[in-house]
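Working notes, beginning with the structure itself.
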Amino acid sequence: MNQPLTHFDAQGQAHMVDVGSKDITHRVAVASGHIRMQPATLALITSGTAKKGDVLGIARIAAIQGAKRTADLVPLCHPLPITRVAVEFHVDEAGSTVQVVATVETVGRTGVEMEALTAVQVGLLTIYDMCKAADRGMVMGEIRVLEKHGGKSGDWSVTR
Amino acid sequence: MNQPLTHFDAQGQAHMVDVGSKDITHRVAVASGHIRMQPATLALITSGTAKKGDVLGIARIAAIQGAKRTADLVPLCHPLPITRVAVEFHVDEAGSTVQVVATVETVGRTGVEMEALTAVQVGLLTIYDMCKAADRGMVMGEIRVLEKHGGKSGDWSVTR
Amino acid sequence: MNQPLTHFDAQGQAHMVDVGSKDITHRVAVASGHIRMQPATLALITSGTAKKGDVLGIARIAAIQGAKRTADLVPLCHPLPITRVAVEFHVDEAGSTVQVVATVETVGRTGVEMEALTAVQVGLLTIYDMCKAADRGMVMGEIRVLEKHGGKSGDWSVTR
Amino acid sequence: MNQPLTHFDAQGQAHMVDVGSKDITHRVAVASGHIRMQPATLALITSGTAKKGDVLGIARIAAIQGAKRTADLVPLCHPLPITRVAVEFHVDEAGSTVQVVATVETVGRTGVEMEALTAVQVGLLTIYDMCKAADRGMVMGEIRVLEKHGGKSGDWSVTR
Amino acid sequence: MNQPLTHFDAQGQAHMVDVGSKDITHRVAVASGHIRMQPATLALITSGTAKKGDVLGIARIAAIQGAKRTADLVPLCHPLPITRVAVEFHVDEAGSTVQVVATVETVGRTGVEMEALTAVQVGLLTIYDMCKAADRGMVMGEIRVLEKHGGKSGDWSVTR
Amino acid sequence: MNQPLTHFDAQGQAHMVDVGSKDITHRVAVASGHIRMQPATLALITSGTAKKGDVLGIARIAAIQGAKRTADLVPLCHPLPITRVAVEFHVDEAGSTVQVVATVETVGRTGVEMEALTAVQVGLLTIYDMCKAADRGMVMGEIRVLEKHGGKSGDWSVTR
């Protein structure tokens, strides 16, 4: 029987998959997610960025550092030489959310979706942490891979 | 002017808040989140748990370890002596999701919401990682604090 | 005089050896070790794996993660892009031991014996941790490299 | 049914055990292990310690740092405020081994056996690493807890 | 003979000093250091802080996180429950330097000088990193403890 | 307008710079720094190295390990496969200082100045830690890059 979950061998034992014979190619992944909060909380962030307390600047740094910790956090991830991380925030005042979009690149043997997702998660956690004194009910969601390029499976993007 | 974002001082500079004079009390936080996937992917997880490839068992370990990494990941979090971590998974076949619920406890000077949320995020990331070969379009969401106890602010729980 | 301990220079000062001019080749190392326990403890593990409490599944994850921490733990080890880790357990009921066998691969400039040994040690420590409430007298031993392939020194295996 | 493996709950799910209600007491653990090598390799270590290349001095530092990493490596270990680590080496020329003995202390809610064992394992790995160019067949063994004091279970020592 | 270097025992072996019987008290340490650069480089930082590229905001976050890594970096440091970290920057246009001042507090058994110094060092390294494309010749200096309070040795401050 | 601080994009947002298209070349960086202390403290170090308590041997190990932690500490640094680290100490009795010189090499896409500087900083911090019971007023300084080789910018060395 075929094992569609590649992180398990034929006996169902977890392993770190062999990527030694995969090609070294340029690989890119983009992931995003958002955090929904009270409008008053969002106002603290948006005014803060301009003058007092740069929540998003700090969350960006945490997200970039988070990408570098991926293989430490996700048990079966391969360590990867990340060559670029960029993190953007989009404030949606109508929906009262901040969206995080992380782009990670490598020139390596395996993809960087997990690094991009980890950057998003750590960025969101940091926003939560910095605003939680004002708003404990914030909710994080819509965390997903948006697109990926490079490697044998080629280009993929979410159907929107 | 009052600064409602406690992670910033009066000049808007980030700092790790002084908790030295807060009481050492028993503190609990519960957080949850879910990951939505194709029904066929969910079937791989549920059958795997029983016999081949224990996705949720591995995600539980990653979540517990993730809780211990919180202060490494979230810049302004205090290091905390965690005294308990428990992680449960609830499979919702109708909604085609797996929900992660993490409970973290400490006897310390500050709360453990961030530790509980980090456990949830790392648990979700690990499920994504292990199933991504079968289903790249999985989406993580509804990540929030459900309840918290202990400390000066007392009990709080999400209004459901 | 020749310095047979390559981790020291001619003055006896420790250094991280220069591997910059070594070839990038496919390298494999296999290491093993075992933990000896009371037969009743072993029975808890073997029955647990089947239904309650998967000690070996958790030890496998810890071992794989341990391999990734090798350069953090062993001062003069080079950081290496691990391309595969697999960990097997063999239960020997007659000898009342569990044997851990770890295989680590890279495509890099230096070998992965230390990564394989670290995986074994962390796997054994995790078994000890999970069973210590039942049996404090467990003993770990026979921890060694079994074989290695690739690199200038070529193939090597223990004489058995 | 009673679950003798305390790291699992009644459903067999792994958790980090609740130690929040355990007393804060002074706790000590002593662990040891050895590495067996060619007599010529041992001679390199013993002469080196005196004048060129202090293998044991470096292994001692690695062992002390390893003790601080225990909760990172062993999934269900609690983070602990270590208050003392001491590491001794005993060279046995007759048996051609180096024995590592690590003593770890804390004033906390749970014992430090795992910290002492981790110190031993990392100390042994470091000796292996530094001597492996001269002797690949070294074997580590007899790794065990020798004694422990403090906490509800009181004093325990191995029967020798 | 008395051993004035407390990190060594009577045989000259390094150890992590026993602090188990020291009192838990409120302890504070303040450390500082500066980085000297070309006036044009300093101008990039000072204009950047206001509108494009917040070098000092990022260095502050790195410094705070660095304080939490002290026991990982400095081999014989005890892990400590930091209760506060604050980091200030002072731009000296006449001297063409940026000074970093870090204040760290704990309620614990040992002082936090090393945490304050590590925060300073990591803050300085981050400024260097962010400006090095413009100015490779920057020099870091005057890194020292300014004052410390708490513990048996009481108050101490540098003679200025 | 040109952005001379490459760690920021055109909007002034921090990012980890794209190095994916840079050539893989052999790169070397040398950095140094010193710590100034009381002559009596320096005498403890120099006599200790010979017989009791090897301060500099321990600082060397910490410096080498510090180089490996650079990308963990400095937010926008790329993870790099270090191929060599060497650390030397020069005792200047006239100036009552110990100088640390760290040389780091890689075969990679970006330079290793930050790794060399981090090695120096961690080496200096470790000396401070080990001597602080005798001399709290030690001052670290003159920390800089001395030379760098490889990569598009070619050779550079400090003008002395």
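Read from first to last, the chains carry the letters A, B, C, D, E and F; within each, the first residue is number 1.
As a convention for this text, a contact is a pair of C-beta atoms (placed from the backbone, for glycine too) under 8 Å apart; a residue touches a chain by one contact, two chains touch by 3 or more.
Just so we're clear, the structure is a prediction, and the values are computed from it rather than from any experiment.
Common partners of chain B and chain D, by the touch rule above, are C, E. Contact with both chain C and chain E is made by A, B, D, F. Among the remaining chains, B is positioned farthest from chain F, on the basis of C-alpha centroids. Judged by shared residue numbers over all numbers used at their interface, chain A and chain E contact each other through mostly the same positions, with over half in common.
For the pairs B-C and A-B, the count of C-beta pairs in contact is higher at A-B. Spacing of chain D relative to chain F, judged by their CA centroids, is 31 angstrom. Annotation for chain A: residues 13-14, 54, 57-58, 61-62, 65, 69, 72, 75-76, 79, 81 touch two or more other chains. Those chain pairs judged to touch are A-B, A-C, A-E, A-F, B-C, B-D, B-E, C-D, C-F, D-E, D-F, E-F. Per the touch definition, chain C reaches chain F in the complex via residues 9, 13-20, 71-72, 75-76, 78-81, 108-109. Of all the residues in chain A, the ones that touch chain F in their complex are 26, 57, 60-61, 64-65, 67-69, 79, 81-88, 105-107. Taken in their complex, chain D has these residues touching chain C: 3-8, 11-14, 33, 44, 48, 51-55, 58, 61-62, 65-66, 69, 72-77, 113-114, 117-118, 121-122, 124-126, 128-134, 136-145, 148, 156, 158-159. On chain E, the positions that touch chain A within their shared complex are 54, 57-58, 61-62, 65.
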